[in-house]
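Two complexes, one shared chain (subunit A), two partners (subunit B, subunit C).
Moving on to the complex of A and B:
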């Protein structure tokens, strides 16, 4: 029973990490219909900014985390202006190649500037607590709490905030939204910035748990994509729920099947969901 | 007064003398100019294993800088190809080095997968390759007599290490072990070795778990392993994975005995662990550790301002072996291939002499971590 509970906690925390990353990915697709293959590298950048803030600028973790997330704000604006804005009305092939190019550029830029070696980002939140017989660190609890707060804020934003409602309108029909006076370019910019901020929050909270290295985004983005696809492309709630489900599936498949088959099971579940419900669990069939 | 005929003969004689002197001078110039050997380094320069490639390149660069003085007759030129630490990456890297960069010899890969993926290309090209870090036993099984005669291995492999390490684990009073390793040729090849060697030493292998190269969260695997209450953990990975393991063992409150083939004593692991004392008691079986008898350590520190990581040291010795082969056989691919079979070199890490499966047998080092620092337990000859 203890093992079951322990793996449940493992799965929930892993799922929360994937969810923080998948939410931003789903947001950008939902509003702009752009699949951002560089999103994993945005998460990596958040972690790298945290590392720079601590190691080079000497900030303590809390300040460094706030600074690193805040840095993603102008970066997101830059990303929109230089890349996203130019590919908005281009075909999916151009969008794919452009975002992949950004991904390669960011990874190699970090390698050139900071080097390939993995880095450690220290955090004072290393005290462990025993919850239900399982030990879990403060940092991991922070990730869980941050994920919940971020998702509640996102929900409220889309439901109640004017900009959030505008994003939902643009996601439904860009032309119609423009006709009724919604400034779609500003909404697009806001969506990209929000996506980058979410990636930055993920990087700032998750980085102290693991090694920070240029390829860290590539490792996690595949599972984030699986969560987004499973949840229904463009459905942020669906992506979050699916990410948690995938985290649990991975933990339980390691525990009760075999660790070398974990990825097989995770992506097998994704494919199964798509076979049964091609639009994703939370997606809706839309006639264009 | 010269007649026309005499003038013509005189002119011809002068032309002949000039011609011979130019030809002779060129021949003399050519014989004194250094001969160039192009070495292709295959290692991961991207992905989560990118550090291995960077370290390997530094080791080779150090060796080449020293060889300028030690062997001035030969100029070594190193080029690199990224094998991503995967079999398909290895095939691509070896192909690039052979067909595009046209090297005389390949040094690498540091990873088992790329070596296994790239070595089938060697016989067609008749280019020798020497690995300095791959440990999957299949490489030796497929090399040399009856197999791929162009593939050579300088370092000891997991089948050589496994026997000694399993006996050491048994001597530590361990009765049950759980294995945790990379889900690739390195990890799986090692698991196959220890699945046989550990029971032969009286130790039961009760569980085997794997993780991908870019994994960061090992807690599901560790939770499963410790639910089975093994006496010890046997881990396979790289230095950064060992550091993650140490931190997550600490987070889970597990004070396990850890035996490793994961560079847990390496400066990178000690640094990334945050608190190097988290690695106290880990015992590593390795094919390189810094010992006082290795002048390359001080030279590396002078050149790169850091203590040499193990991949840098091994690549250094690999490059030195290539030089030994060039001295023995000549500065061409065919010469290096001949020369490798004649190499008989007492290096600072043990004897380098290849058997009929193109496998050398330098020493095995057992290293532990005490007070956050690596301490050599014993150096074991493997020949």
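Moving on to the complex of A and C:
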């Protein structure tokens, strides 16, 4: 029973991690029609910022986590200004290669500056609670709660904030949105910053559970893509749901099939879904 | 981004000769130096030339970014390594296994991955690459995982009378040069044979390609398989060269390197990609000092190149050529370029109409009978037509409208929903054989949706479409096109990188039966007698001679409209669906199109015409169907329909 529960928790945590990244990816695609291959690296940077704030600047975990998420805000703006803005109206190949280049650049920059080996990030949330006979670590609870809060905030933002509504409008029809006076540039900037923040939240909460290393983004990005494709490109809710499903699939195949091939099972699920429904489970067909 | 514009006749001999000389010169490279380090660098460079060309075959020629290239490279490497270590095979046997395996893998990966839209294709193939690397790492009993396959013997080339071991560096260099030469030859071949035309069409506009009868995914898969086989060949060589193969041979960093090479060089440019690959392997040898920063520099370089210089070195070569061309003066002219800037190269004496240009200025030529070229062998054609396919291997030889089995197009209760909104509601109508029917209605009434559903571009949500007594709802667009159901698009669609003539040739290729299409893939583009004649005739009749060799993307809107229309007629269709053929077209061009519609009508082609220009519709149509909000509100003889109060209301309000 404990094993099952542990795997459930592992799966939900992994699912939350993938979901935070996939939601950002899907948001960027929905609003800007850009597939961001550097998105895993934004997550990695969130974790690295946390590491720097804790080990080099000496902040305690809580403030370091807040600081690292906050740092993603100017970083997102920078990413928009330097890269995204320049490739907005280019062919998808240029967009894809440009973001892939950013990914290579960031991973190797971190390797050069901090070294490739994995780094431990201490967190004070090491207590393990026992609820109804089941053990669960505090950090995992934090991950799940933060992810839920982040998604609730995101949906409130979509639903109630003017900018959020504008974002949905742009996602539905960029031209029409710009005709009715929505400043698509600003909306695009907001979407990039929002997805950076989501990635930052993932980095800052999950880093203490796993080790921080430059390649951590590359490992997760493919799963996040799988979730985005399964959810239907640009469909944020679909991406989140698929991410949680994939996280659970991964956790249970680690436990019950073979830990080495867990990722293979995840991709297998993705490919199976795509063969049956190329537009994704929740998919609307991507507009041309 | 893809800047190469293929010409019909890209000065064929000269380019091939140039590459021959280049390869022979490269073969002498080991004789110039005795430093093993240089030769090793040369070997690596040639390996990357092969891999980059294989990569570009998919990225540049059919426009799909495959991140699964390391899978094929790694497969070739592991196959060669394991076979030679365990069984002491010869290189030919290894290549055979590598080719077969890579082709099978390409089919296995390609069939699900090509179902995705093109960004998702990149991601799907990335998933396969990650999975393959996982397998290489964890399948200990076969790949030895992280322990690597070691002590791989040198290449053993077996001949009928014995075998040779390729041991010396020079010999290995010559072997990889041979492999790189195969890759170069494949690329040269692809740009010259009809398969290359299909590649370019699918890359430029997959939807239009399928409306012209080409099955985009089949064409893409062909390129993918070719590319996989080339990559696996390089992999088989590299296993012997490195003597060790580890799971990192399947790493994504290979793809990144290939991306950099192809983008430095210029996508879909042979000389660009080759020089990009050479530059990228030779240059870093001088960057050894900053080894640690190398990948950072690559990343930054790729970012800067892709944003600021998407044409890559190819762009630079063209500027250089133009400059040199000017310097050398009038004597040589632009013919000095490999790509053939001069359009004169394609002006061919057999042009059917030579004197029409002046007449055309006054009044566009009245179109010839569609079938006029082909009365002679109509009998035999009639016989073939019964099989449903009237298209001979070389195009429209002997196409006779009269020989078509008369089939009616019938639409029954066609329904289409867009998120709950009825775009088409229970729409039923018939186009009798040879009839010219107008489909009209206010904006948003579902006319284009109707054409899209009939031609298989969109899936309907209910109802039936019958062509003769055969149900065609759900039949893919390319199969319908092959059966003679041609269409044009409301927003004009041409293959922008292809010349006007190539736009027409593609239609001839696509409308051939599947078997005939396959059979002629490896035939030359520039020897296509019947179809060339036919397309030149059409080009002349539409007054497009002056732009025959111009990429269609450079033409004016009206000219593109004509090109699209002409391409639909290269092989005369049985049913022609015209979506606003004269929208925003000047009166002269509209007149040409009207004449053609009437001529096709009198030749017995069934036509369904969607058009907003009432004068035009009333002038040509025998019968009108009026749609409003997805419902048929009137049908009948044009003048009567226009007097119908319901129709008046739909158009002008109450």
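Methods note: the second predicted complex is superposed on the first by the 269 of 288 C-alpha atoms of A that agree within 3 Å, B and C clash if a C-alpha of one lies under 4 Å from a C-alpha of the other, contacts with A are read in each partner's own complex, and residues count from 1 in each chain.
What we mean here is this: contacts are C-beta pairs under 8 Å (C-beta built on N, C-alpha and C of every residue); 3 or more make two chains touch, one makes a residue touch a chain.
Since the structure is predicted, the reported quantities are computational estimates derived from the model, not experimental observations.
When both complexes are superposed on subunit A, subunit B and subunit C clash. Of the two partner chains placed around the shared chain by superposition, neither subunit B nor subunit C is touched by A:281. Looking at the shared chain after the overlay, A:209 reaches subunit B, while subunit C stays out of its contact range. In the superposition on chain A, no contact is made by A:141 with either subunit B or subunit C.
In the superposition on chain A, A:218 makes contact with both subunit B and subunit C. Once the two complexes are laid over each other on the shared chain, residue contacts for A:7 go to subunit B alone; subunit C is not touched.
Shared-chain residue A:260: touches subunit B and subunit C both. Of the two partner chains placed by superposition, only subunit C is touched by A:87; subunit B is not.
When the two complexes are overlaid on their common chain A, residue A:125 makes contact with neither subunit B nor subunit C. In the superposition on chain A, A:70 makes contact with neither subunit B nor subunit C. Taking chain A as the common frame, subunit B overlaps subunit C at a single listed stretch, which among 8-16, 26-34, 62-70 or 80-88 is 80-88. When the two complexes are laid over each other on chain A, subunit A has residues 107, 111, 218, 260, 263 in contact with both subunit B and subunit C. Contact residues of subunit A toward subunit B in the complex are 2-3, 6-7, 10-11, 13-14, 17, 107, 111, 115-120, 122, 126, 128, 135-137, 140, 209-211, 213-216, 218-219, 250-251, 254-255, 259-260, 262-263.
Across the interface of their complex, subunit A is touched by residues 45-48, 50-51, 53-54, 183, 209-212, 214-217, 219-221, 223-224, 227, 240, 243-244, 251-253, 268, 271-274 of subunit B.
Residues 29, 35, 83, 86-87, 90-94, 96-98, 100-109, 111-112, 218, 222, 225-226, 228-229, 233, 260-261, 263-264, 267-268, 270-271, 274-275, 278, 284, 286 of subunit A are the ones touching subunit C in the complex.
Considering their complex, residues 1, 59, 63, 65, 112, 115-120, 122-124, 126-128, 130-131, 134-135, 137-138, 252, 256, 259, 263, 267, 292-293, 295-296, 298-300, 302-303, 306-307, 310, 419 of subunit C touch subunit A.
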